[in-house]
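The structure that follows is given in the form of structure tokens.
So that you can tell them apart, the chains are marked A, B, C and D in the order they are listed, and the count of residues begins at 1 in each.
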């Protein structure tokens, strides 16, 4: 166990040894160090958001043919820090008629729910928070707390727009939890465990290859869970001003802001762990640091994909959002999950390659059926996906022209 | 597939066809008759198959094809039903299959399939014909299609089912079932044109008359079952001890043995079904049904069932009899009835002008022949005549239907209103309807027993010979006389219908019928000739022995002992040749020159002709003897006196008494006690309810307080009790 | 283990206080919030009972779904119950007395039972109880039928709730 | 080590609080919250008995699942009814909804 191959464990052991040398029992020492780690991890995550904000603004800017932040520091690197400082020193405004407890609780829940997910993320072969045996379910459960934050914010603000936004977004979040959980069950089924680390360990072959449909659904649903474009109904300025956080400012607003960025990245982490093999890669077992790097790289790719979608898609209407979920995603997720269960049962004793092939084939068949039949049905009911896309393209073009003009 | 399995299946296709036609395809003509013909055809095919199997099977008589299953549990034993095919049922099955199929095919043409629907046709009446325009714009009157076409085939299929069932079954009860279904079909088909008053009456008459026979037959079956404990043919007839006991034990009435009594009771069923004297009256009237298809059923197929039954119970009738002896009392009765009917019906036939009625009476007469043959113990001869008669009588009836059909066409064409069934209105049809003429001629010659070539000759000859050898000269002479008359009226019929010159415009415009009608005629005419060749006696001069007397051997085996061919005697042979030829010649001589529509015999015979034409006034006699008294009893005695005066009077008295009693009870008890008490109780509940109403506040939470309190109190009580105990 | 007991006592205290607040605070939305707190405390208890699956399910179902639904309903019906009116009805004093008595009776019964003071049978729960549970839920010899019946119940409730909750427009004929 | 009785007393207290809520709250939704408390108390009991008896015997867990299912169904239908009632009567006070009283 040397520093280079597994630094976190090394430092942990070293610290434990150091504290134990002070005459404290080994277990207590270990608990203390764990406590320190529990303190450090959220801190790291929050700091990491600074990078995320810069990165995202930059990427979106480039996508939309703008330079993005470029004034403060080299390449605008210091811009988030400046924003942060500004937010810290802003006045705490408590609007009239608010409901104090939920109003103040809401931003905490919004960030806390996201940070809670980090507990179960396996960063490398040796570094992970708690490997509880229901990790995958825990992710969903903690995500539900974020929902509470939003509904509190909307309710307590004493603002119609905020309330409307909260209604919308809560309906959306609760709805998209269903395909998300169903999609999540597919890797659980394939790995035969709900522990996040076991799921990662069960992926010499990435699950995205075995269950591409579930991966797709999980990815889109997680975008909807974060409430980012094209599902960013909660902050549709033209309709409801700034959404559920209309009445928030200063640090409380900043926490919502941070929570959103962190949530997007966290979801990429979860997605990577569930479908892209997590820290798996050549040599990751021997050199956990490599696993950490693999994990990070994969996550960044996924995260970039999310940003790219955010930067290129206009938002749905609320009814379209709900229709997409209940009429398309939930049935597909059900079909994908039950077909995966069936194939697993039938092909238990087959060679891995054959089993994976069958899984992939079944996924493709379901996708084909959905595209063929579903497309026809949707068209017959006046919901033209291609027309939607066309409209979206036009809107993007329009907004780009506008940004050029300004 | 085992032949036994096929036996089970034989009756079923027509039943299926019946159900399908009745329930499903009633509106579709082509589909219905296709279904019916396919049903009859598959039964026909299976029948022929099992027939060949049966013929090639050694020792069929001792070891018939049979299979059975438990049906009705009767105490410890179960009534078994089953199928069996022995020598007798094999030959019967053979001709039944052929004739039924022919009827089905023939019916398609007879009911004018493919013709337009008549504009005035209504269900329940024969089609009136329809006007069609040809390409030149001329309007023709052509026969129109039967309005209830599909229904007819449905009934026909049901009939076929019953007939097959009757033939292949192995016990009397199942036979009785088939028998009754056929009775129903007969009723339905005679009354097929229920719009005609005469058809309605005829249907009822047929049904009621045969019912008399059926009741006795049922009595016979019950009697037999009580004595034998089974109704299976083989278990009864094959059980020597049982047969002996039946033959010896007296029945207790008329000095008959049990076997004789049972046999006679069953034979009364035959009398009804086969229209023997004195229950013959229904058969001529049955000609009211669709000409001649139902008539044909009533002549060639169904009535054969009666004879079939009589042959079946031959061992019962002859129990205790040895060949050569004078017959048992039962046999004498049977022989007398048969012979008398044969002559009696033949005399009536001479004076009838309706082409179908002649044949109907001829049928009665011929059936009488068979019955008489049974009566004199000529078992194989009876079967032989049953078979040949079925073929040539079917041929004749279908031929007569064809004639009527042709003449009807002429009637429509000429617009002349004459009865298309009256032979006096015909004449000279041989040129117009050649196929019908030749086949009818063959049938007629077979019926009259034209020597050597026709089937009828061989079978009739055997019966005469059997009668002669049995020593019952009276029967022999009667039958010979009947044969003479048969030949006479047959020739009369042929001459009046086909020979000479047309006597009416309608006959002049008669037309040959379509192939669906003539094809069955051709096929049946082959059998009318060839069926006889299977039973040529070995001792016959010149040609005897050329062909083996297969029929005698085959059916004779049924009796257990090899049918000992009676010593050949020239007397019956000569008699049968002479009466046949004489009758034919006489018939031709008398009727060859008829130019106007009057029967020359009318003048010669005078009042006797009237007597014959009115069928000895039997219908009138029965009306006077039975129907009038029955109506009187029901209308005057039962209805007016018994019902209205006596019973109604008693009832009214009782009613009045109860009314009075009721008033008393009401005023004395009901009003003061019951009503007042009831009202008091009701108002008590009302008040109680009003008092308790506030309890139902509709407030869930109040209920819950009460509930929890009560639960707690009870828990406390329970705990206290537990502590105490 | 003292730590366990301390955690339990704190959690229990939080649960009880939150529960009492649920039934007593005048503002419905606060009652819902306190309910969430009580439910979260119960989830902690489940963790203490080493039933982590149920802890997570508790959070997902009760906090994530039921509590949110309740808050929704509260918001939708806000006008009806102005939060300043009396929130307790006239039975409240009686009810409090009855409930107190009920608690006394129940506690008395529990304490008189010998098994009440028993300790966990094997402290280290086999980690695979969740697998046991899953298998018994899908085993026809186990609880497959009740499980399926429960799912049918849920489906029926879903359909019924949608039907009842659907708005019947005035002037439009009822189906 | 926590004795079983602690859990049982806690759940008894929770039941009593829930019952009080059901009985005395005017708001029907608040009554529903009381019911939720009662059901959660039941869950605590079930899981406690499961944990303190035979762990391999999963009946307690299964029943907990059933209770959660029933609770979910109950809340869904209950809230739907309340909203329907509110729509028709403009009130969800339990004592005002007593149309079926005698």
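The rule we apply is simple: contacts are C-beta pairs under 8 Å (C-beta built on N, C-alpha and C of every residue); 3 or more make two chains touch, one makes a residue touch a chain.
Small disclaimer: the values here were computed from a predicted structure and weren't measured.
> Could you tell me which pair, B-D or B-C, is linked by more C-beta pairs in contact?
B-D
> Quick one: chain A and chain B, Cα centre-to-centre, how many Å?
The separation of the two C-alpha centroids amounts to 90 Å.
> With centres defined as the mean C-alpha position, give me the chain B-chain C separation in Å.
Centre separation, chain B to chain C: 83 Å.
> When the C-alpha atoms of chain B and chain D are each averaged to a single point, how far apart are the two points in Å?
Taking the average C-alpha coordinate of chain B and of chain D, the gap between them is 80 Å.
> Please work out the Cα centroid separation of chain A and chain C, and write it as a whole number of Å.
29
> Could you say which residues in chain C touch two or more other chains, in rising order?
Residues 57, 65, 72, 89, 91, 95, 98-99, 102 of chain C touch two or more partner chains.
> Which chain A residues touch at least two other chains?
Within chain A, no residue touches at least two other chains.
> Out of chain D, which residues touch more than one other chain, so two or more?
Each of 19, 23-24, 94-95 in chain D touches at least two other chains.
> How do the chains pair up in terms of touching? List each pair.
So, checking each combination of chains, I get A-C, B-C, B-D, C-D as the touching pairs.
> Which positions of chain C touch chain B when the two form their complex?
Its residues touching chain B are 89, 91, 94-95, 98-99, 101-102, 105, 109.
> Would you tell me which residues of chain C are touching chain A in their complex?
Those residues of chain C that touch chain A are 27, 29-30, 33, 36, 52-53, 56-57, 59-60, 63-65, 67-68, 71-72, 75, 127, 130.
> Quick one: in the complex, what on chain A touches chain C?
99, 101-102, 105, 132-134, 137-138, 140-142, 144-145, 147-148, 151-152, 155, 163, 167, 170, 174, 177, 194
> Could you list, by residue number, the parts of chain D that touch chain B in their complex?
For chain D paired with chain B, touching residues are 19, 22-24, 31, 94-95, 97-102.
> What does chain B use to touch chain C in their complex?
Going through chain B, the ones touching chain C are 701-702, 705, 708-709, 712, 715-716, 719.
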